[in-house]
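In the part that follows, the structures are each spelled out as structure tokens.
In the two complexes below, subunit A is the common chain; its partner is subunit B in one and subunit C in the other.
Coming up: the complex of A and B.
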């Protein structure tokens, strides 16, 4: 859209008052655009949200930077043009006549349409590439994902009989780590089917390992937003929504609900961590032991849960206070202020 | 020589019968606002009783305090009672009984007619203008409450439950109002004047579309005493099924507004197609009329889906139909799809009228013809058609079929091509112009600048990877405030400053207008520009708590928002002082516009034109010394008859018989 920002100038340039508006506009616009694009790409780009803590976040950062670089000349062009018009093409005091009429210009109109169409189509192609290459760009892909991290397989049957059974996931294998994210009003819980199907209120991920999030909800629509990981997937009741990412740096990240889910939507967030492989396995094994009594009461691992038919709900509530698969609802009368 | 009598054509308003008018009762017995209020109260009481009577048979009502049926039936009968009290059905009943009807369309004199079911499109336009301003300022006050709460990341000025009610009411109030904020006041008032008609096609439907809006307003606000609704303006199921009685107010009010805009759009389409004066060819139609036509099509095609969705929420809540409950065989995706199938065309219902208004304003104040007239009209149609094929971009992260995402990314980005036409037209029109920086022109330029940021941020949102971060955050919120408030509302105020001299014959104070513009423009950008950053840094929409590192930005935004509110107080002061106290008379055509509406006296006489005008030239022929005057307001006899006799031939003869200044 940028090129034609100043092209209406070209045909009439130099015709009035000796000032070549079109040429000046074009030169100023090109200079400002080059400076602007370089600043955006080189200075601002590395700090663009959402950072580079995971593969999907990094690809989004690149994508947002590319969009910002393309937007820069467009914004500069339009603002420059209107600024120029207000500065130079004003009615002179006492001049009540009309300006020279121009009804249109086929060449300019055709150029404009071609240029905008080319930019838009290029953006769509690039956006599609950035969506497919990093395995769905961290967005929820629904129950049947089609873009998965290369070289991974997803385990489909899990041993949930014994809560302290040996983990079926090892770092460095093609078996992808699966984490079930369960949203409920107004908290997140996480179930690790490969670690005895335990369910915890903390999210912990190993660095450098692809992760598959299976996001679901027990009541209304929530949205699982791991900001620094560039992951966002709606949690729909009765639906399994899959998203992928690969954390690449150790550190803390925040999980927020990003779909309005009721009164305490604003308080529905917690902090999670990316840790080293060995720290993760140790943490998971200790959690397995610690939570064994609760895990026994949970319903069998499933992709979705119907809280209206879960047994043991009262017991689960008593023992842990909060488990998603067990349908432990957050008590609105006792709001937690994070 | 001019014709002295009009042919008895379709232009006689209201289908008046020659049987004389019914005898006038004293004013307090005639149907008007006060009788409508009585009807509304009586209707609500009856409906509530009926709902309780029926509901008492339901087990679930007996065990809870919630009887949604009583609320919904109360609202339904409230609307019915309001309309009966207003006299909407009087003429219909009279006609059925074979009695003379009161259809002259100009009920009463002075201010009283604005409180009646008037069939005059100019009265309806002014009713709409005041009504929409009331909506706007109510929604604006709610926005002030939101920004007050967000001054601190953790301290609560209003409780979280009140906060969520306020957020929902603000969004719904504004969205309901924005659908008709231009089409209601300016579309109804100006379209007949611009196309050379004495009336609109369906005056009763037009008046009905207005009189439903006060009901929708009251019903929406009644959600507060009922506990509010926690869903925001989108009303996503199943949260909306789970919510308390305030949700009924949301669904009923929004659905009612949907009906109102269907009626308004239907009337405006028929008026534009069927009521153009001889010589008003499609190629001479003012751009504002094109915008109203495309908006009308969007309203008529999109709003029924909204009404259907709201109806299904109501039946889910009252009759347990479970359309949207996954566990019972329904689908929450169904609601999302229905809502956005309305919701996305609605976004362009909010954009196109703004484009129409600025396209009308800029030729006048650049003293140049509109550059690329056909491109502008094509751009509007392109936007309107494409807007029906993009709705799933609201659901990129929802778990929809992943295959569909590249497709919806493409269609969404395609919309920026016809939107770009609007910029091409503006920039071409500004080229070497003689710009007069009047208040309406300032607002028009502000639209192009604000909408630029709104549109470009829209490209970020259409891109799936970027949307993964931006979706559901304050970035989205900043984006649509830039397009809707920065676009539509700036155009709305520009239109008020531009056309009020026509509508009231009174000019608004220019100095105060400029102060209003500059404070509003600066405060607006200072409010919403930082919100792009706030969203990208991870603050979701509709939260009452946020990360501490965003406190500075949020405080800046809140303070700017209060300034924005203050700038609107300047407008109110200017509006009230100029129209009530100072009353500075405006000349008939203060802007030297070629628009047909400016060729009649200000304010226009009851029937707009003494004779149906014959349009001779396009409205934007500035600077062309050979251009004909825009219309012959006193056409020679036989022209109209000729125009009515043959379709194509009539229009041609009208354009050739010029120059009669009888």
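Coming up: the complex of A and C.
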């Protein structure tokens, strides 16, 4: 009797953990979710990474904002329920009784499964659309890209015989600007086949013009990551990895290697610029002239370069009395591969 | 075993593991070559830095690795290191004694001199030239006069052995090679550094000189060779190419 007297009274139906709490939670959750979603979409959204410097970056920013807006009610719901439980459903001092046994609730389970399935499937459809619509969303599509910028044509033959030849790309045409990105330990170089096939350590792009990046490597695996442009494509030796974007705002952006590639991987970055059409053409033409002497020495333009074979190496090695490499940069068996 | 004894044992074992980890990190990972400090040797806004390339590193346990040496400004002795310190906003006059044989560039774009200027001219008007003197050719009594070169053709001729590049400053200078194939194959200096002390200073070599200006603010700039010269490693990029003190290092700019 004494024990019964000391135990707390059973909660009245609808007071603790009952319908009244559920109603309060629902109302508060809806209000907070509306406020939270608006804040995320309108205040935080425009500052979401990676920004809006290019078409692919803007697309990614929209996607991240959409995901954040969808996640906001979920996060608020979890935290609200958590806080409510701590504040109102906590164990009272001296209360050592067990809670009421819980049985399955078919309605709640069905609602939960249906809602989450709908969200996941909707996101799958949305994600697929967002991958296709912005021409691969700035990601490397491999050597034969499926999704290309609408209304563009990729030039396939280039005049590399004369480094100072007239450019074969003009702004405002359907001929897409091609930039070959070449990774090597530990620097990026950029080759412009439509501008005499010049190769430079500077990356310059015109605003408002679709760009096709042909990404490859001369040695190990690197990864070309133009963060503010929303472009990321692995640079594999012997492979051409194509990515597209259209810069939409003039300004600086940074290029980093995002694949661990050796001791100076962390230092393998450079700053690049998006400039006006006229500035870009002027820059490219001046680079053609400035780099003409070294452009003549470059190998013929190709989508990939075999890092073990160098033209004329046979001649140089022969004169050096070295024949073991068979004309290659290094003997393929050096070192012995496991 | 009593509880205090067990706790003591656990703490000691934990500390031993931590100490072992710290020792490993400092001894094997954190070890860096000595830094040659040129900051107190600058005068009139200029400082002279001298480096040397060698075909081997006989002063270390990696005798078959190619390497750079840097001259100690106090003693004049070449030290096996690739770390040096120079003052900010200073004209650095670099001399590289190239005692190694030729190896073509993997990417010929690094055959172009960039980021240098000719002393006496405005650094805004970067000249992108290095002066090359093929010095003391073997069995030859005359040295060629220093010749300004802006682009090296390492594929067409045996003209480059290494490069000295500081990507953060846009600096790239190929280290010219002796072009005589016989000298490249047979007459390289046999010990390192190649100095009069070991009678190797007269071995065929080149002298490359150039100037660049350090930034107005301090910082650490990595430099490296762009010739994958780690023979015996995958595509030549391991060994000396990836080890501080050999074919890559740091230039510390002191503000």
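Annotations
By our rule, the second predicted complex is superposed on the first by the 292 of 338 C-alpha atoms of A that agree within 3 Å, B and C clash if a C-alpha of one lies under 4 Å from a C-alpha of the other, contacts with A are read in each partner's own complex, and residues count from 1 in each chain.
Please note the rule applied: a contact is a pair of C-beta atoms (placed from the backbone, for glycine too) under 8 Å apart; a residue touches a chain by one contact, two chains touch by 3 or more.
Predicted, not measured: the structure shown is a model, and the values here were computed from it.
Once chain A of one complex is fitted onto chain A of the other, the partner contacts of A:267 extend to both subunit B and subunit C.
When the two complexes are superposed, the chain touching more residues of subunit A, out of subunit B and subunit C, is B. Contact with neither subunit B nor subunit C is seen for A:80 once the two complexes are overlaid on the shared chain.
After overlaying the two complexes on the shared chain, residue contacts for A:58 are found with neither subunit B nor subunit C. Of the two partner chains, subunit B is the only one touched by A:227; subunit C is not.
In the superposition on chain A, contact is made by A:201 with subunit C only, not with subunit B. Using the contact criterion defined above for the overlaid structures, shared-chain residue A:127 touches subunit B, although it does not reach subunit C.
Shared-chain residue A:219: touches subunit B and subunit C both. When the two complexes are superposed on chain A, the residues of subunit A that touch both subunit B and subunit C are 219-220, 262-264, 267, 308, 335. Here subunit A touches subunit C in the complex through residues 182, 184-187, 189, 199-201, 218-220, 262-264, 267, 270, 291, 293-294, 297-299, 307-308, 310-313, 316, 319-321, 329-330, 334-335, going by the rule given at the top. Residues of subunit A touching subunit B in their complex: 1, 4-5, 8-9, 12, 15-16, 21, 49-50, 56, 59-60, 63-64, 67, 71, 74-75, 78-79, 81-82, 85-86, 89-92, 95, 97-105, 108-109, 112-113, 116-117, 120-121, 123-124, 127-128, 130-131, 134, 136-147, 215, 219-221, 223, 225, 227, 230-234, 236-241, 254, 256-267, 306, 308, 335, 337-338.
By the touch criterion stated above, subunit C contacts subunit A in their complex at residues 101-102, 104, 106-109, 111-112, 114, 150-151, 153, 155-158, 165, 167-168, 170, 181, 184-185, 222, 224, 226, 228, 231-237, 241-244, 248. Interface of subunit B with subunit A (complex): residues 154, 160-161, 163-164, 230-232, 234, 236, 238-239, 242-243, 326-327, 332-333, 366-369, 371-375, 396-403, 405-406, 409-410, 413-414, 416-417, 420-421, 423-424, 427-428, 430-437, 445, 448-449, 452-453, 456, 459-460, 462-469, 471-473, 536-538, 540-547, 621-624.
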